[in-house]
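In what comes next, chain A is part of two complexes: it sits with chain B in the first one and with chain C in the second one.
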Partner chain A sequence: MHESRRSILEVCELSCRFRSRGLPFLSGSRDIGAVDGVSLTVGRGEIVGLVGESGCGKSTLAKAIVGLGPIEARAMRFDGTDILRPLDRRPRDLIRRIQYVFQDPLGALDPRRTVLYQVAEPLLIHRRTPDAERFARARTALRDVNLGEEIEAKYPHELSGGQRQRVVIARALVLEPDLLVCDEPVSALDVSIQAQVINLLRDLRDRLDLSILFISHDLAVVRHLCDRIAVMYLGRLCEVGPAEQVFGDPRHPYTKALTSAIPPSHPRLAKPPVRLPGEPPDPGDPPSGCRFHPRCGDREALCSRVVPTLEALGDGGRFAACHVAKRSTPAQC
Partner chain B sequence: MTLLSIENLTVSFDTPHGAAHAVRGIDLAVAPGEILGLVGESGSGKSALFLATLGLAGPRARVRGSALFDGTDLVGLSDRVLSRIRGRRVSMVFQDPASSLNPVMTIGRQLDEAIRLNRQNPGRPGSAAARDLLAEVGIPDPGRRLRSYPHELSGGQNQRVMIAMMLAGNPDLLIADEPNTALDVTVQAQILDLLKRISRARGMSIVLISHDLGVVAQICDTVAVMYAGRIVESGPVMDVFDAPRHPYTAGLMASRPGTAPAGRLMPIGGVVPSPFEQPAGCAFAPRCPRRRAACTAMPPTPVAGGHWWRCFNPVEAAAAA
Partner chain C sequence: MADTASISTPAAFARRFWRSSSPSVRLSLLWILAMVAVAAFADLIAPFDYTAMDLRNRLAPPVWMERGSWVHPLGTDDIGRDVLSRVIYSIRLSLFVALLGTVIGAAIGTSIGFLAARFRGWVDDLVTTAIDFQSALPFFILALATLAFLGNNFVIFVAVMGVYGWERYARIVRGMAFAAQAQGYAVALRTLGASPARIYAAHILPNIASAIIVNMTLNFPETVLLETSLSFLGLGIQPPMTSLGNMVGFGRDYLLTAWWIAVSPAVVIFLTTLAFSLLGDWLRDRLDPTVKGR
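== the complex of A and B ==
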């Protein structure tokens, strides 16, 4: 399976801290740990889904991987090379190999440039291709995302939402990256159009052996597309594992609540969601011990004192950071 | 017995480029206590339909047809008369609670205002009624929350406050326009759960406007699927989900992940027609895999029945099931 493949990305205990100044007369400045000690790998040709609710730090983590924002980590390697440094201090070729796809394609495109120009522009910036070949390469990238010649001379406002997002993906692909970091790439699209982009990402992985880190709050989409899932809550990973197993048999209480909230595909499958009391706490003042414990139905005395680490449950490539889940897993040799 | 009966309603907007046709002739009925899901993609006219019905579509909207609510035709009513119906008989909840609430007023004052405006007789003092409403929508410690401002509450709690305000007038019908889209997944599920509970407890009808068939499957009794300003299929949720007959409904279901985890999704090709066009036939024909010659010539008429569709060449019931 995919987890036995060589990893292209290894993140080891990554944290991202922001300084919040607040209102000076009310409170002093304080540190907000948006991401706290996250370790994650993405295999070559693997699609890893990163799910969690707003404010859990999934976008911060994605930005840190491409070198944007504050990063502290024990190690962060890409294809064996150390990438624990901000974007402006990364070698250009490394920047080329990790590309980012944003949520809102209209905001990510230049309204006053044609599609073909925008897809060719990264090649100019990275000085990768002789001038004569640049547009030919851009055309190939556009064909890779199933867009025809007729849209080359168009401007972003003339395209549909799905076409725009495919242009953004083509622009990332033209540099022949190894890893695509996609931050909510289908959330702004209509259902019938979403499917185009989801199918495309899967085809690209199959054809180009591309690795994808796919960030989304839409669990049905993640389940459909991803090989492996990492669930995040308040800056930490709470469960990691193969997609079907995590969705089919969630072990962390937060994952249980999250998966129960997926809207059903048929009214007969509708069931009441697991109710989580309260709301996600303030990341500037996270709860002690397990960050989920104040909302957890399974909590024990230990949970409020000791931070659970992400530990293997059995040998199926599954991990959970939960004292209770860990104990209820039969020991395997 | 129907509470709201919309007949042949059309809505168009005057624009510098000509008339934009948002709603092109809708027939829709809502029974008392029923939860109806109105599904469509962006631009299908699902929001415009109810904004126009309640006189909230703005001065450039041209509304024709009728919308009988408990015997009164809402179309063409003066704003003064309509404002007595809105809030008291029909309420509307929108997508983004943060922009619907006043940021500089406490939750309590905003609720009091809604109660004062919508109750014919004041009855009990405002704050007690407000506290009861907050408790009904599941806000913990309602007495303390009355003194909070919207920014001190989460998005899910603010949406609960909005729903509480809309309940202040004890309406017969609640229009919920994508009430959970801006919220997190677990909170979304809770808001849906809340709406269903309130509907059953009060016998209140709900029209739930959504782009997500999953949301409809979760709580609705009946569903109406809109495409380009028309309802293309409607019926009890079980029937429509068991055997979608209109190719667009079937396409929506096949393009949504969740049914077969490993299977390939089937996107619907092509794009939604422009609101400035007036297609002679079925608006979905250019994108339809089951198109026939007749489809582009004239619009199909609905097939009568509890589960009806508007298509010359519907998907076979057996194949769909």
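== the complex of A and C ==
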């Protein structure tokens, strides 16, 4: 939190709980904590990657930040202002400054409107520009994401996957946001198009000083793109740190298992992958103590009893929530 | 869904229509267009005014019968009014009332369906209950009671026509709006800051319009029949105005001696409702994304 002066987004102990109803009369309702006490910051002009397996709460966290879905938190601030409220109770300008890019670009676009109309529409909604300039601005945004004139009059179903995702990004960019929350923006695209979109995001960050929260389960993509990484497991963060350090020298056992799954650059460098026993537990009934302990190779007696907090590991901006990692770290000088 | 958006020119539309339709659908469209033309140009086509009496030619038979003449091709009624002219003016009035009723019904039903989808909770419960209530109640009885209590004038009559069938629009629109809200584009528009009014009017409505239009074409003939039934019973359009139903009603007294007074409008009612039903059926098959193998 030492960077709070420069950070654009600060999330402090955010939780998202859903009520699961179950069968009438047979089973009672119970709360499912999809996200549990997550604290995270995104700096200005920084790209933060949020990784974790399916169902660990990445998307729920992203939706909570843009104001969709249930939120409880100690604090959530955007550029100093409190944003701990649902979307329809946020000031319009705040809505404008935080934009969300969807996983499924075809679903996120209205099938019956042309590309140009949909990219210009946010300007109409926010009355940011005079009517005459609106389409010119939309065209500029489309140029910014490397889309040509020929797609302006097309409908979403006539575009390729990469074009659609770039249209969605252009639609978010016309509003000149400060923070882009990208929820698995490339997982539906094939590899060559993934590269286009990722290079585009990096380029936009460099040119527009945009901050990006990039959610993905694809470690190679995250490693290539992000400055910092946050690793999530079953609704909690287990490790946070600069991308190269987290991948090069993972501290949390879960991160170790994850990074061992990345294919090495040369076969001779290959290390045996760490295999995790068992399945991810049910988020409605999480294990006691450290949520990872039933699958952890390094677990101790303490792990099943005490919940580890995310603590600094001494060297430059690294955090982990693990009793074992904490102890093996040399004392801070 | 997707390919209907790419239809742009009228010529392309006509080609697609020709390729996908059966002869009965083509004939239906032709008949409907003819009826619309008749309604639009009634003043020019009709040989006489619908109230003009020709007392020397009372109960004259149609032209192909003995004593028939080209002056009154479909004969005359009991006070010598030209049946052809009256049918022409009746088509205008009946179609106008049915169209107005259908449009009003669609507007009411769509708005109520949207309200239920927007506010959910008790509003939705109320709307759902009202829909069930309305569909359990025979509308004809309701219409008779309303007209009997409130008296009859043109405005009340059209209002009753408008209320007819609202529950079907409301049910369809409510369901489709619920589904559309969960779709990415509606959520995306919310995160862009769009107001609910914009999301519903500019995005969800165009996306579910095809279902509403299909329901309108299916509702239209029923409204025509309701109008003619009420007019037949004397609770609908009042003389001197004339509608297809009230022509049949007044022609009933002469059914044995001068059948043409009742049969001419009855044939028009039959053919028009049949044409609309066939066209509506075809449209529903065309626009329903689950029936793709055409």
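Here is the rule we go by: the second predicted complex is superposed on the first by the 317 of 333 C-alpha atoms of A that agree within 3 Å, B and C clash if a C-alpha of one lies under 4 Å from a C-alpha of the other, contacts with A are read in each partner's own complex, and residues count from 1 in each chain.
In this text, contacts are C-beta pairs under 8 Å (C-beta built on N, C-alpha and C of every residue); 3 or more make two chains touch, one makes a residue touch a chain.
In this text the structure is predicted, and so the values were computed from the model without any measurement.
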When chain B and chain C are modelled together on chain A, clash or fit: fit
Touching partner for A:P273 - first (chain B), second (chain C), both, neither: first
Angle at chain A between chain B and chain C, C-alpha centres, nearest 10 degrees: 80
Which superposed partner A:I262 touches (first chain B, second chain C, both, neither): first
Which of chain B and chain C A:D190 touches, first, second, both or neither: first
Partner chain in contact with A:L87 - chain B first, chain C second, else both or neither: second
Partner chain in contact with A:N199 - chain B first, chain C second, else both or neither: first
Contacts of A:R171 with chain B and chain C, given as first, second, both or neither: second
First, second, both or neither for A:S160, with chain B first and chain C second: first
Partner with the higher number of touched chain A residues, chain C or chain B: B
Nearest Cα pair across chain B and chain C, whole Å: 11
On chain A, the residue positions that both chain B and chain C contact, one per complex: none
Chain C residues touching chain A - in the complex, by the definition given at the top: 1-2, 5-6, 183-185, 187-195, 198, 203, 206-207
Complex contact set, residues of chain A against chain B: 53-54, 160, 162, 190-196, 198-199, 202, 217-221, 223-225, 243-244, 247, 257-258, 260-270, 272-273, 275-276, 278-280
Parts of chain A lying in touch with chain C, wherever the complex brings them together: 66-68, 87-88, 92, 95-96, 99-100, 102, 104, 106-113, 121-122, 125-126, 155, 157-158, 168, 171-172, 175
For the chain B and chain A complex, residues of the former touching the latter: 41-42, 140, 154, 156-157, 184-190, 193, 211-220, 237-238, 241-242, 251-253, 255-259, 261, 264-268, 271
